[in-house]
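Got a structure for you, written out below as structure tokens; questions coming shortly.
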Amino acid sequence: MYKWLGWKNELSYLHEKTIMKKILILSVLCSILVSMKPVAKKHIVFFGDSITQAGVGPKGYITVLGDILKEKNLQEQYQLTGAGIGGNKVYDLYLRMEDDVLAKDPQVVVIWVGVNDVWHKRSYGTGTDADKFEKFYNAIIKKFKSKNIEVLLCTPAAIGEKTDFSNELDGDLNKYAQIIRNIATNNNCPLIDLRKEFLAYNLANNPKNLDRGILTTDGVHLNDAGNKLVAEAMMKALIR
Amino acid sequence: MYKWLGWKNELSYLHEKTIMKKILILSVLCSILVSMKPVAKKHIVFFGDSITQAGVGPKGYITVLGDILKEKNLQEQYQLTGAGIGGNKVYDLYLRMEDDVLAKDPQVVVIWVGVNDVWHKRSYGTGTDADKFEKFYNAIIKKFKSKNIEVLLCTPAAIGEKTDFSNELDGDLNKYAQIIRNIATNNNCPLIDLRKEFLAYNLANNPKNLDRGILTTDGVHLNDAGNKLVAEAMMKALIR
Amino acid sequence: MYKWLGWKNELSYLHEKTIMKKILILSVLCSILVSMKPVAKKHIVFFGDSITQAGVGPKGYITVLGDILKEKNLQEQYQLTGAGIGGNKVYDLYLRMEDDVLAKDPQVVVIWVGVNDVWHKRSYGTGTDADKFEKFYNAIIKKFKSKNIEVLLCTPAAIGEKTDFSNELDGDLNKYAQIIRNIATNNNCPLIDLRKEFLAYNLANNPKNLDRGILTTDGVHLNDAGNKLVAEAMMKALIR
Amino acid sequence: MYKWLGWKNELSYLHEKTIMKKILILSVLCSILVSMKPVAKKHIVFFGDSITQAGVGPKGYITVLGDILKEKNLQEQYQLTGAGIGGNKVYDLYLRMEDDVLAKDPQVVVIWVGVNDVWHKRSYGTGTDADKFEKFYNAIIKKFKSKNIEVLLCTPAAIGEKTDFSNELDGDLNKYAQIIRNIATNNNCPLIDLRKEFLAYNLANNPKNLDRGILTTDGVHLNDAGNKLVAEAMMKALIR
């Protein structure tokens, strides 16, 4: 009986071993499958103005960022979506944040706005008051955070690339960049300080104090070097 | 026993009569009390800029409207509340509509905004784009209507009283007045067309084509005649 | 000797008669030639902004005016010269009046300026103060009159063709048009009131209240109908 | 006859000697008188805007400069005249240079203008185009130099005293300051670089990065420290 039992036990033991093996194989397969699932991709939406609208173009900064992810073999882990519209100011973002960002269900949003809030004061008389800029910006962040979305902020890079602060709108742009830095601090949001990085790059690479052509085509919109600088700065902030 | 009963009945009859009388008296008293109840007052909030902020002053249009109601012995039926803040544009109203209007639980809101949306283009470079003006205005109306609040709209009256459309900002002010007229039509909101009424009054009373001093002190803010005209125009629209 | 002399005298007499005849014929011929001389042409310079710069184009108002003169067989009596530069305001005209007008030695100058003095307030923040507009305008007229040049003034026609004064800059444009009307009166200069004529034409031909496409391509610059209207208005004022 | 002649000659000789002596004495006296004459005062006119208009006030920079001259016992050598009018831009100076400067027959003119050329872009839409700023500025200098007047130029000091170039109009003010520096170089005019001196002073004395209260009352107009700094900077440039 013991033997029998023993045999039975042995049989059962063998059987268990087989089951265990199968489970092991299955779980390995599962983990492989899981690691391949598209669900796992982190969805990043880039929310901004014409600079971001151009970001999804063939040489745009979002495209370049995608290329960097491929080089690092990280392309399966991230989904990048552009949500830029030309001429947008902070309250344009506020008015379309539900449709153009929340409806896409992202885990991360990169907000890059401010150039038109300053520029439109001069060109149309419809720039944004500094205090209202802050209020609408905070309202956007509050909304995204309430949906557990991680929010990263960017300072406006440039309206003119001259390095001695003699671009016409430098004073106001510095002021609004500082407002964004303070908003980032107050809301514990990572900051991508593009204004600071553009100035540093120009101080090193713009000895003739030109107002365009170093990182931009027209003082505002990115050329290839600009798209590369922005993509790399975003990479550092996003992929840690 | 019958007699007794009869008497008892008589007594009871008398008693019932007394009770009935008391009830009658009581119900009359009640109905009087009810008619005196403050609960019945219709609460009207005036939502606007510096012109409305001044409206609650000793000679302001809201005060004058209250005086007219008293003359007509209607003061018990209406509660008037000013919610004007100097320099406000449409999105300032949007940002404070919860705290300054909804929190006061009104049955009616009179919105009077637009002068600064045009004026600040010139004075600060921070006026409101026409399309954004419409979007925020519609968002305010939608919010109020969702709370079953009746909404009345006013056109901006004047930035300068000259009658030949040579006040500097007349073109833009006409444009924004027309936007408000269209919003009123689209939302089935009663319109108080103050711009039209101011022009008609000036055509009759401003033969020297002065830019101020007829209905305003400075081309924008109301003098006594202006407060009277506005109060009467509001009276006509509110008390029908 | 006397006879000889007599004969000689007779001969000389005959000779003198012949000479006199020849002189007579010659002087008649001369006077005919003189009356045909191009020197007699009245030189008219059109002094203005981009509208006048386009005026010398194949379909421009100055070209059309030249065609009308040909039709009337008056082309030999007038020389038409365009002196328009895009973006010019009144003090641009002031700064180049010596080089671009006086150096061409005209008998007549038609000044047409004002659109940019108003428009640049919005687009660049560099429009012209009303009082300075008047001072520089008067200085130009004074200079031309000191050289015995006849000066004709035009009001700015339009920035937007809507007829209900809801074009954004209508108020300010009406104001500057009125300043020019007053300058014309004060300086005894003929006035070509293009603003008035454009409005009259649009009231008759723009039933949909469009902001462009009736007399202009973009609200400011002339289409074929606009060039025709301006040429005819100038014709009436110049050729009396 | 010879003797007579000789005597006569001698007499005449003596006479001539006496006359010569008298002339000598007279001319010495004259030269003394001349050296004492008030005509010898160097007349300096300060030509500018509201800052210069306030300069002749009890604590204004021109008054302070006069006090410094007295301390140095130089008051008899200089006559200081203020010619500042509030709100003036470069072409206001141009329009009144004959009446307000040349009519006063100065040896030296200090031109200090530029704040309103930048500021009025924002506040009235009537700032000065950069290229026109340069043209009118050069025209003023040319006129003064043609009358053998020495011309000194000042850069606009500040619109806001923050030291990190985040005052709203810093970019444009830096641009116009640089235009003036170039004009000074091109015309061989001494430069009083008040913008540079104000920034240096603020970097040392404005640790909280305030926008007013260090050298100005309101970011533009001088307080006591500002008047002192400007007077001393002018002293250095004027009295060499």
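Per-chain numbering from 1; labels A, B, C and D assigned in written order.
What we mean here is this: contacts are C-beta pairs under 8 Å (C-beta built on N, C-alpha and C of every residue); 3 or more make two chains touch, one makes a residue touch a chain.
If you're wondering where the values come from, they're calculated on a predicted model, not measured in any experiment.
The chains in contact with chain A and with chain B alike are C, D.
The most distant chain from chain C is A, comparing centres defined as mean Cα coordinates.
Seen as a C-alpha superposition, chain A sits on chain D after a turn of 175°, to the nearest 5. Just one of A-D, C-D or B-D has an interface built like that of A-B, with over half of its contact pairs in common by residue number: C-D. A straight line joining the Cα centres of chain B and chain C is 56 Å long.
Mean C-alpha positions place chain A and chain C at a centre distance of 60 Å. For chain D, the set of residues that touch two or more other chains comprises 121-122, 124-125.
Those residues of chain A whose C-beta lies close enough to touch chain B in the complex are 91-92, 95, 120-122, 124-129, 132, 135-136. In the complex of the two chains, the chain A residues touching chain D come out as 121-122, 125, 160, 164-175, 178.
Across the interface of their complex, chain A is touched by residues 122-125 of chain C.
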